[in-house]
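First, the structure itself, so that you have it in front of you.
As written, the chains take the letters A, B, C and D, and residue 1 is the first residue of each chain.
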Amino acid sequence: MKPLWIPAAILLVLPQAQSAPRVVRYEATITNVKYVYGVADPVGRLRAGDVLESNSLDCFGNVIRKPGDTMALVKGDNPLTGPFYIEGAEPGDTLAVKILDLQVDGTQGVGALAPGFGALNKTNYTPMLNPDLPERVWFYPIDKATNTAIFKANDSGHTVRIPLHPFLGCLGTAPPGGESRMSITPGEWGGNMDSPQASAGHTVYLPVSVAGAMLYFGDGHAAQGEGEVAGTGIEVAMRVRLSVDVLKGRKIKWPRFENDRSIMALGAYRPVDDALRIAFTELIAWIHEDYGMSELDAYELLGKVGRVDLNEMVDPNYVVVAVVDKSYLPPKTRR
Amino acid sequence: MKPLWIPAAILLVLPQAQSAPRVVRYEATITNVKYVYGVADPVGRLRAGDVLESNSLDCFGNVIRKPGDTMALVKGDNPLTGPFYIEGAEPGDTLAVKILDLQVDGTQGVGALAPGFGALNKTNYTPMLNPDLPERVWFYPIDKATNTAIFKANDSGHTVRIPLHPFLGCLGTAPPGGESRMSITPGEWGGNMDSPQASAGHTVYLPVSVAGAMLYFGDGHAAQGEGEVAGTGIEVAMRVRLSVDVLKGRKIKWPRFENDRSIMALGAYRPVDDALRIAFTELIAWIHEDYGMSELDAYELLGKVGRVDLNEMVDPNYVVVAVVDKSYLPPKTRR
Amino acid sequence: MKPLWIPAAILLVLPQAQSAPRVVRYEATITNVKYVYGVADPVGRLRAGDVLESNSLDCFGNVIRKPGDTMALVKGDNPLTGPFYIEGAEPGDTLAVKILDLQVDGTQGVGALAPGFGALNKTNYTPMLNPDLPERVWFYPIDKATNTAIFKANDSGHTVRIPLHPFLGCLGTAPPGGESRMSITPGEWGGNMDSPQASAGHTVYLPVSVAGAMLYFGDGHAAQGEGEVAGTGIEVAMRVRLSVDVLKGRKIKWPRFENDRSIMALGAYRPVDDALRIAFTELIAWIHEDYGMSELDAYELLGKVGRVDLNEMVDPNYVVVAVVDKSYLPPKTRR
Amino acid sequence: MKPLWIPAAILLVLPQAQSAPRVVRYEATITNVKYVYGVADPVGRLRAGDVLESNSLDCFGNVIRKPGDTMALVKGDNPLTGPFYIEGAEPGDTLAVKILDLQVDGTQGVGALAPGFGALNKTNYTPMLNPDLPERVWFYPIDKATNTAIFKANDSGHTVRIPLHPFLGCLGTAPPGGESRMSITPGEWGGNMDSPQASAGHTVYLPVSVAGAMLYFGDGHAAQGEGEVAGTGIEVAMRVRLSVDVLKGRKIKWPRFENDRSIMALGAYRPVDDALRIAFTELIAWIHEDYGMSELDAYELLGKVGRVDLNEMVDPNYVVVAVVDKSYLPPKTRR
């Protein structure tokens, strides 16, 4: 049976056995990526339960390949795969994206110190009169046998292996309020969250603000330190396998994550203080509404067992994820 | 042989076999605690290598004991044990405090929501016109058999066990610049860091700013969530066993921690952004000076494997600890 | 000669004597306003030198008219007049908007305390668990004879006159990077700057990020305190008279203002600290490039004679304007 | 009658006619200044109504005198004159300091760019990895005939006159809570507020936290830009004439200012956002308690007529003064 191709012959929908989910395939290339989260012509349409098999380019559009390649080659940051129109998703619903599998798509990752980007140097939004830091690039060979990336110092012989933890730095929907937002920015719509939580085994909940939700993703990281302080993770192209679901009539204001162990709420703005306030008040609301604890009991409990994951302090908005293990919560009261 | 008692007959120095460290004992009570880090008459003197066996009151001075006890009973926050004069410590040296053992001193801990204190409500330094939250207290029975504390919700029947991780919320020396600082505040001198890193198995490095360093500690926590968002940990009195050493001629600006796995640098101020900048620039300086990596290589590496521990976002200054595992670093080049 | 009407018969271009500027008239109503800065079908086209005579609705869409009217009546915040396509404006140019005259369009202004909006209460981006403040509305009769608005206390008999200083809270172009931004937000494109500098006698310089620049305005204020701390100015509909010019090949990153006395640079983000850093580094760049002072001399001089205007600390991004009087600068070296 | 000399023969109390205030004279020199606000042996005692005629050294201890003098010569920042014990002042009272006259004490002022200090460069508490700015000094001849200081550019021939507005950058009492604080820091006790409001014609209200209040002052500025962005004002030694009064039983948490036109409340911390929240909630409390307006009416009114003076964004804590003109307030209800 012939596959079913859609725009530019790049979207493939595979027929499946009755009980198996439908698999949709889509191949992102530099000619079909986007640089803005917003309403755009969809590159494909997904139904609740569908599995999408696709890929993403790295945050540089895959152009930094060898020593001597510079940021000047980059045509746009964080090229995005998508958007995918999710059938039946309406404003006020929640889009649940289950990340099934992420595999580094290539044999090396890239890290870069780009002047004006980073937590410990002057930036566009924290400008200073001090001189710039120099531009620098580091290459990270990916060793799939050991599931590691290899750091090699530029200024000495030090080299060390870093375990892979592949995740999507960018994952988002069309923003609320009719906005379109650059792929470099995180916010209510998700976006450039740089959340290691966007990895296999996690469900990512995103607000639906427009008909079809408009799902985008990209900016794969093979691994990343907390805070992403130097401005990049180990930037890689990625093979992506995920499924989508729509929670009808469930409204959330900010992205959320869930895995077997924990529930997690995200906040994004500046300073970190306010990102944390958003994340924790969202998490308390979640615990209150779905697990039946009072707000003050939830607040107290988080003061004793809550965890903070500062995803990044380098993008235009900073991202904090507030985490609590389900084992500390009463049984869920809302389905 | 008779023990050697000093001021108020509360300091006991035990003679030891040749090779064993000298053990000094001191008992803190509500009548000998302090509420300020600074220069004061020492309650005892310690030599490099000495082991101190002592105790601390809880952050409320042990007065919140049963339902109905309110914050109005508290005479002063964070009563401190000390100061101990460290023989041979001079400005420009570093005091190394090795935490040998911490045991909860009692059968229950206390958590409290005190209006004006917390990350998610208005405070003295983030005042708002919104109405106050109510004052609330939670009691946490300590179960030493299972090494847990028990959370019991106020507004529902939910109850859950929390593993103990005892640490000293307060640990510090006399501040630099001739300052004396309230026991509620963290800063260059350590102080109310609320760092879970101040626990058994860790060495805490503190700047020495005055002759004798003047070591204080207190504010034991049986456990605490990251960020301590509701304003308290599980507040307990503590039995404390630690040893001290002096690193002559080693100058640090901010507290540092070390254990078998990691090195860790602390920053404290507002907003969290600046606390993080302090912590990570200090950690990079440490890596550069002691492990021989260039600053830019260290910056890049931390962007890939660094960790952020937001100790608290509730005290007058907020505390971030930047962490890197030694396994990622080259061999130490400076002793 | 017949006037020339364009879309919806609402744009009127008046023929003029040779030397006089062309006057274009446009009437904004609730049916033709926009709620997003971005690329949209223009409601009119202006040439350099044209004078636009138009109007704007108040920030509530003119629906809060009498005691008992509540925020629930408001369909969207800050309805915008426009966009106007400016002939010849290309990305990399600067749009100069000269504000010729602003007159309050009506007989009363409105102030409102909307829970979740304001500098001294919890907000969407600084959420707290404290209870909300109540919603409140104040009406300000406009007395054109004395050029004042009248404040009348809600909870007492106090009443006092406030001198009018009419300005446009919203003034902006399409944002850079392909973004569309809600009319509530200020940024590089101008937007909801709430700058009293957007008043008669000032020229407002805005970055041109798309062909035609796309000029929008609205959110008239009859007067406003610095910081706009309670969340609103004296909100009014406005009669607007302005002219436009295009500075070809002059690229600016952030809005700027100029009047006879001063040059002024704007920064917008959170916290205020970073908005100030943007504003002052922009002002130093301006002084350096156009007036020939070195950056360090300009920095020093601003430390002695610079002024700070905190326009607002209530919108999603906070706005600081850095000001220096031309009398302190050397003669302009660049035209 | 002989003058009455106290410690080091430097305090002179002049007998006065019955109705005139007693005049106390005290001469500060580099050998009797202090570098910490706190409890110390007083250099003199003042009674309510006394006039103090004294002086202060400049913030560098008067050591930067000629080109080539560097920051390395400075023994301590902000040497303070005092403390003066105020008879009858007890914790919970308010000390009112009326500034009668300030005269620049010398013929030149100094401005300096000290690496690590300033709003637009990396600092101790906003550290960055970017390279330092160079150290620079500017000298400002004081022309008493025209009441101006003369700015002379370092890198060009530009020179311009700046009107004098002499004020005391430092003015404070012993801090609350038993703290001693460095003379570089502003806070509840006043301290290094860098407030142009501490000038002739203003009354400065300071909290009394210890018996005798312990009044200190110093750090005269001949003029200063708002925000003091480059890190210094026009730093000068000062001749000081002030009188003191004690408001028994009036407790304030933060410094306040008053002149014929306005009442003003100060907040100090980081980020600027929180300093502003402190200043405005204090001003609203003042209006509510002394002028009888409800808090919400006062909030609304300040949103329309309030002013913000960002005194400085360079010291360890940032200082905001919230201002309202008395002409907007109802008659005072509390004396």
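What we mean here is this: contacts are C-beta pairs under 8 Å (C-beta built on N, C-alpha and C of every residue); 3 or more make two chains touch, one makes a residue touch a chain.
Everything numeric here is computed off the predicted structure, so don't read it as measured data.
Chemist: Tell me which of B-C and A-B has more C-beta pairs in contact.
Modeler: Answer to which pair has more contacts is A-B.
Chemist: So, comparing C-alpha centroids, which chain is the farthest one from chain C?
Modeler: B
Chemist: Taking each chain's centre as the mean of its CA atoms, how far is chain A from chain B in angstrom?
Modeler: Centre separation, chain A to chain B: 35 Å.
Chemist: Between chain B and chain C, what's the gap in Å when you average each chain's C-alpha atoms?
Modeler: Chain centres of chain B and chain C, defined by C-alpha means, are spaced 49 Å apart.
Chemist: Using the touch definition from the top, which residues of chain A touch two or more other chains?
Modeler: Counting only residues that touch two or more other chains, chain A contributes 120, 127-129, 133, 270-271, 277, 281, 284, 296, 299.
Chemist: Mind pulling up the chain B residues that touch chain C in the complex?
Modeler: By the definition above, chain B touches chain C via 120-122, 127-133, 271.
Chemist: Which stretch or stretches of chain C touch chain D in the complex?
Modeler: Against chain D, the touching part of chain C is residues 111, 113, 118-120, 133-134, 136, 138, 140, 149, 151, 153-156, 158, 160, 162, 223-234, 270-273, 276-277, 280-281, 284, 292-294, 296-297, 299-308, 310, 313, 318, 327-330.
Chemist: Quick one: in the complex, what on chain C touches chain A?
Modeler: Those in contact with chain A are residues 35-36, 38, 125-129, 177-182, 269-271, 274, 277-278, 281, 284, 295-296, 299.
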